[in-house]
Amino acid sequence: MEYTTKAITVRYSETDQMHFVHHSNYLKYFELARLEWLSDLGISYAKMEREGILMPVVSVGVNYKKPLYFGDTFCVKVTLKQLPKATLDFEYLIVNQNDELICTGHIKLAFLSPQSQRPMRCPDFLAEKFN
Amino acid sequence: MEYTTKAITVRYSETDQMHFVHHSNYLKYFELARLEWLSDLGISYAKMEREGILMPVVSVGVNYKKPLYFGDTFCVKVTLKQLPKATLDFEYLIVNQNDELICTGHIKLAFLSPQSQRPMRCPDFLAEKFN
Amino acid sequence: MEYTTKAITVRYSETDQMHFVHHSNYLKYFELARLEWLSDLGISYAKMEREGILMPVVSVGVNYKKPLYFGDTFCVKVTLKQLPKATLDFEYLIVNQNDELICTGHIKLAFLSPQSQRPMRCPDFLAEKFN
Amino acid sequence: MEYTTKAITVRYSETDQMHFVHHSNYLKYFELARLEWLSDLGISYAKMEREGILMPVVSVGVNYKKPLYFGDTFCVKVTLKQLPKATLDFEYLIVNQNDELICTGHIKLAFLSPQSQRPMRCPDFLAEKFN
């Protein structure tokens, strides 16, 4: 399963003095993409959180190929690597307005249960959406 | 003269543990709005910078009325208060998806000349766009 | 009453492509200064929040005099303008390693009560610390 | 070779509504640590940049073990994995005030030459510092 975001424009405040987007901001773009996907599937992450289900990030990796500049427009393509179990494993691509590959990445999320704040399996309503 | 941005969705990373958007992010939304406006007027701020014209912020003020939450959608309305001279004076409103007023603000920008890095008058090509 | 922070070094990620600290980051420096002050007075803001007392920002204003650059070191001087009542009113100065005035600012905070999330007066334990 | 930063306090603005530090901020902590190390070795990264040498990030990876909370204090320990050649390869550990391991990570940086903006070998003055 995969999802591609709407086009997103780089904000001035996302650059640093090297004149590119700061490398930490790609993690924010990835996050934005997976939450937009959830929303598109009819899942409100805000509501999940209010019910006490947290999805902390367990690990990330990013390979930077080309920089993004202020004013560039890009899309994030998210892929779910396998059906969700104890973790959610996403892979990412960012592509700019000229179809150039900007970076690739992956992120693993866990689920924390509302009461115990301990790891739990992916809630059924979420697993079903991805099936 | 005024301009209203497209609808913008609050990103998760823009919240803090008070569960609202961090108050510093409104300045980034204001910036995004004025640069989107320039772009809409056919002015590339990136190109202006490459030619050496900088527009540093001289002063800002924000009045916060209601919080923005993760997942909220908002528009920024920018107004130019007077024709640009030595400074550009913008006023801002942010309104959420329910037409509630989130905050008001104002920002004054100066112009620095390419060579001397000293204040200069608004370049003609920019002043004309706002006339 | 007033408080001056320890020396703080500008982080690379706080700059933008104009080669200065992005103007929104000064609000983060101000916040850092008032929370360091509370901590110095023996007040844990984290604990206040866990007890449900929130202190949202009502208004801010900043006048930028000179830029801060990556690697600069600065102190924030915070002054409480009057004894806390329904709001806390702070004034700020930022001064760099050469004793140059970087900016001045002011911030007004309100208090939200734990149960109702409505405005309330400054809690006594906090007011006493500032007396 | 390795370096450990001074103790750093988590800033309020670095948290998100999950009540932890946002996972993207660890990349900023890593960056801060390697630049503090360079500075400690007598190398001004600001000066390197003015001379046109850029050190963009090629790849990153982070494994998150435990969250950092507002008010926590932590140190970043940086290790250079091998003598610098075409890239600089750093490994990181973050440890909190209770000596708990918060996360581990690694970052690979390249060198871009001033004129061509193309990859080049690590400049001699930098390689010598790490020998």
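Descriptive notes on the structure:
Letters A, B, C and D mark the chains as written, and numbering starts fresh at 1 in each.
Note that a residue touches a chain if its C-beta (ideal position, glycine included) is under 8 Å from a C-beta of that chain, and two chains touch if they have at least 3 such contacts.
For clarity, every value in this text was computed on a predicted model and none was experimentally measured.
Comparing mean CA positions across the assembly, the chain most remote from chain C is A.
Of the two chain pairs examined here, B-C and A-B, it is B-C that is joined by more C-beta pairs in contact.
Between the CA-based centres of chain B and chain C the separation comes to 23 Å, rounded to the whole angstrom. Chain A and chain C have Cα centroids lying 32 Å from one another.
Between chain A and chain B, the centres computed from C-alpha atoms are 27 Å apart. Counting partners per residue, chain D has 12-13, 17-18, 24, 28, 31, 70 as the residues that reach two or more other chains. Considering their complex, residues 9, 11-13, 28, 31-32, 35-36, 39, 44-46, 69-71 of chain B touch chain A. Interface residues of chain D, counted against chain A in their complex, comprise 17-18, 20, 23-25, 27-28, 31, 49, 54, 56-64, 67.
Residue ranges on chain B touching chain D, taken from their complex, read 12-13, 15-19, 22, 24, 70.
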